[in-house]
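In what comes next, subunit A is part of two complexes: it sits with subunit B in the first one and with subunit C in the second one.
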Partner chain A sequence: MDFLAQYPLFTALLALVGLAALFGALLGYAAEQFRTEGNPVADEINKLLPQTQCGQCGYPGCRPYAEAIANGEAINKCPPGGAAGIQALATLLDVEPIPLDEDHGAAKNAPAVAFIREEECIGCTKCILACPVDAILGAAKQMHTVISDLCTGCDLCVEPCPVDCIDMISQPESVQTWRWQLPDPVSRRVDIIVTDSVHNAGSRDRAA
Partner chain B sequence: MLADYSILLISAILVNNFVLVQFLGLCPFMGVSNKLESAMGMAMATTFVLTLASACSNLVYHFLLVPLGLAYLKTITFILVIAVVVQFTEMVVKKTSPMLYRVLGVYLPLITVNCAVLGLALLNISKDHSFLQSLIYGFGGGAGFSLVLVLFAAMRERLAVADVPAPFKGAALGMITAGFMSLAFMGFAGLV
Partner chain C sequence: MRKTFGFHGGIHLPANKHQSVRTPITAAGIPPELILPLSQHRGAPASPVVTVGERVLKGQLIAAARGVVSVPVHASTSGTIHAIEERLIAHPSGHLAPCIVIATDGQDEWIAHSGTPDYQALDKADLINLIRNAGIAGMGGAGFPSAVKLSVKPDTHIATLIINGTECEPYITADDMLMRECAAHIIEGVKILHHIIAPDETLIGVEDNKPQALAALLDAAQGTGIEIVAVPTRYPSGGEPQLIEILTGKQVPSGGLPSQIGVLCQNIASTVAVFEAVVLGRPLLSRVTTVTGDSVREPQNFRVLIGTPLRYLLEKAGYEAEQNNRLIMGGPMMGCTVPDASVPIVKTTNCLLAPTASELPTPPPAQACIRCGMCAEACPASLLPQQLFWFAQGKEFDKLEHHNLFDCIECGACSYVCPSHIPLVQYYRAAKADILQLRRDHEKAEHSRLRFEARQRRLERAEAEKEAKRAARKQAAEQRAQTAGEEDPIQAAIARANAKKAAQQSNAGTDSALDTWEKAVVTTHTRLATATAKLDEALAQGSDLVEALQGGVDKTRAKLAAAEQALHDYHRSYRAASAGTPPVDAARAALAKAMAARALEAALGPADKARADLEKLQQRLRKAEDMLVQNRINGDEPKVIEALELTIVRLTGKISAAQQQLNTAEDA
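Let's look at the complex of A and B:
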């Protein structure tokens, strides 16, 4: 006690170090308590991706691409999602929507399905290996065919076919394939005011 | 007694509003007010930090610094307390609302250097507030910050689609709006 009274510097030092150690212990305990399992942001992004598992983004599937977006990858590499998908991702992540990256394939207006011209098929099974959703039925040296309900129209089977007997055909709208149109995202509906498209470019700056 | 506390609360929220009257914490006020949703998240996080930091720094000052004769160390100690509280808040937000954590981004850890938080802790000492008074003053400061941040964000959302002359677009109009809001809040000066 005498020592501390003689050197107030040590009192100050002890008090600050003690306080810092106490706070450090508290934070360590809190970090253990509030530890997050997995990546919840990637889960949210994964829900918005079309789940075609087509790999056109350069990742092995939708889930790996969702994790890459959560780590800062561009949001415009998903052709099946199209402009609506990019808009939804931009709203979720609070970033500017950017046009689709054409390097990864063009967006298709109508949903397409693969069709195998069965008389030309030689039964090589290469398209079966390429299909990410197992929508092609067949065996070695047997004719293959596409289960059109399962086909996501990702184009991945067209390239490996040695006899080029696979066509992408657009599905005719019928009672079975007709779906309700999804409503436009709110941010696009705002654009009915003509001046908005001019102002939106300049008004999003950040002042700190 | 109750009247004293409510006067303290009203004074912290309206009359001595930290942002618009004392001009503390302007950085998040301009930075996180582009979207109403993220402004609300920021408002909640800052209120939490202000209340907790105000109470903690009061306890540390009265039960550690004063008995040891170390009152001159209050600034550095308060910064330590604030940094810990913000770190804790960051963990809670990351666990409870990962999307908000992503949207707030760098502004969440930047609450540490929000001068309103340190200013509040030092004001509590200079005004000789008790523990309960510090708690109420901290919460009032946070509520006042939330009020003006949410109002300002709502206005900026409307202004983003308004047809204004080119030189006033964006940040310039934000500054002018903040100035007008400040003038309006000066009108509360005679309230208590």
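Let's look at the complex of A and C:
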């Protein structure tokens, strides 16, 4: 006691060491108790990816790419997601949206689904093994077919087919799939002065 | 008189209803061709149950409902199925849709049908089933299947049943005329709905600009407990949430359903259809449609068969095509422009508007939003249309949803009041469609993700199982090796084989050759016996192994013959040997002779060697020639003679070769 009274510096040191030990223990406990399983950032990113599982990004599926993005991979390697997907990722990660990396394929306009020309199928099951979402039905030496509702249009079954009987068919628009489009912005262009309009210019020439 | 409430916004529009109420409802008659789209409503399209060329009667089911939110389609009149194909329908997309086309026969022959006038005896579910099977979909606008709407969850209590007779949109008078002429049927239909729903109160809301309809309904509803309420004329009082607010003062929660506040709405035209379906047993085959606009000479209401092409109806009303600038199905505010007059009337077509260019001019080009706020004042859903407009332009879907875009009823009041003529509703429709598409995409992505992860897990599991099996096999092998450490089966087998061999060798040295041959004969005999038995069995069963077995038997027989021959030879040689010199000495002598010959040969030079070869060959040739001559004399088989001739030729060749070799050797 006398020693501490004589050297107040040690009192302070002791107090600080004590506090450090206490908070260290608290933090250690919290780290164990409130541990989050998995990578929450990758989960969030994975939710924004289109889940076609096509592997065009160079990763075996959307989840691995999401994890790679979480570890600093570029966000513009997903052609099925397109510009909208990159925008969403940029918003989530608070980075600048960058244009799609065309090395990984161009964005497609119409969604396509695989179709097996059944009379040509030899029943080799190679496409079934390739399908990342189990959307192809069939057995060895039996004809295979694609469940079009489940097909993500990833193209992965086309290459393994030894008889090249798989086509990617884009869905034609029907009454059920048609949707309203934003009004044509051109129609909102207004002729403010007479010379803006070609038609008006012509009539003025005639008048002259 | 019941107290009515107001709703936010709304606009007063020129009604333009007087043109089409001058004459009573006229039957439009039977057109030569009826086009019945398989999808005339929200939900899944119906699936056809008739084939091309089949004759159908009026009221016959031609397409069955598929799923819960779907309604069946019936033949509106008798005739034959002309085609089941894609036809142009009234849809803003201008796409073709599957339709059943009936070539009518003009006989209007009904299929056998019977109603149930004492419907009170029926169960609630049976009544709803009757309504579903009659193909009744909301006849006001959206065309939601009535049966689905009436199937209220059992835990929901409907306090107020509202029948919507407001008909607030300009030009349309179909419901007005129906109320004037069929008030009794309407009240009967309402009674059926009242019986199904069992609400505390039943109200029929009618705008106060239809005094004749109000009077007719009041008259018919005397003593039924159904209350007829006149609501102030203001567009869009006929919107479902708006009418509910006017009559009850309660607001439908955002994104919710009226049943959440204990209200259920039905269209007034649907009540007549319900009456006909339940009491008369007739499915929904016709409806009242207003044909109006300045380009028809006689605007009026028609009772028209579902599927009638617009052109047929327009001609009945005195259509002047050259004056018309566009055809609108529905009213001027919420209707859609149809691409062509060949499209058919469907269950939701309450009006066909054929205006002139001066009557409904093409809207001028849109100008910039000036943020005047008139749209927000007009909006009956208390939304902020200008904000929604900005967000829709920027495709900011989160903000659109946050600003309750989906509460928009697309009434067009905002576009109507907009001084800049911005087609606001089109922006909202596009944004809604985009959001719905996004939701569907997201749902599909979620589904794909789950399937992908399930597959991933399955592959991992399969790999783990394989690994486990491999490990188990390895362990089992190790265990066997350990237990057999003292007594390895392979080593034991080798030892056994060695012992056997040694025993045989030790015997072979002595006079056991005889034993060996005798043993061989005996074992071959037993083998032949078993092989023959197997062959017989196979023959009896007709097995395809017969050939193989036959081959086996033949081979064994040959072996047996060889073994017997060997035994016989042995006996003979043994006897000969025992008579003369012992065989061992004879062999030694032969060996010595051969060695001497070899030594002599080695001592010879190449020329001598060649000469010796030549001599040997010439000797062989002579022998062969002798044999040939003898054979010819004996008259032996030609085959043998041929072979001998061939040998002579070969030997002659060899002799000449040897001669040459000798020459070269001598030269050297």
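Keep in mind that, in the parts below, the second predicted complex is superposed on the first by the 136 of 208 C-alpha atoms of A that agree within 3 Å, B and C clash if a C-alpha of one lies under 4 Å from a C-alpha of the other, contacts with A are read in each partner's own complex, and residues count from 1 in each chain.
One rule holds for everything that comes next: contacts are C-beta pairs under 8 Å (C-beta built on N, C-alpha and C of every residue); 3 or more make two chains touch, one makes a residue touch a chain.
Note that this is a predicted model, so its numbers are computed, not measured.
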Partner chain in contact with A:K141 - subunit B first, subunit C second, else both or neither: neither
Looking at A:A31 after the superposition, I want to know if it touches subunit B, subunit C, both of them or none. Which is it: first, second, both, neither? first
Could you tell me if A:C62 is touching subunit B, subunit C, both of them or neither one (first, second, both, neither)? second
Once the structures are superposed on A, label A:W178 by its partner contacts, choosing first (subunit B), second (subunit C), both or neither. second
Does subunit B (first) or subunit C (second) touch A:V41, or do both, or does neither? first
Kindly list the residues of subunit A that each of subunit B and subunit C touches, one partner per complex. 190
Residues of subunit A defined as touching subunit C within the complex: 46, 49-53, 61-63, 132-135, 150, 152, 173-176, 178-183, 187-191
Within their complex, state which residues of subunit C touch subunit A. 39, 45, 89, 91-93, 95-97, 365-368, 392-393, 422-423, 426-427, 429-434, 436-437, 441, 444-449, 451-456
Listed in rising order, subunit B residues that touch subunit A in their complex are 27, 30-31, 34-35, 38, 60, 64-65, 68-70, 73, 76-77, 80-81, 84, 87-88, 91-92, 94-95, 98-99, 102-103, 159-163, 169-171, 174-175
The residues of subunit A that touch subunit B in their complex are 8, 11-12, 15-16, 19-20, 23, 26-27, 30-31, 34-36, 40-41, 44, 92-94, 190, 193, 195-196, 199-200, 202-208
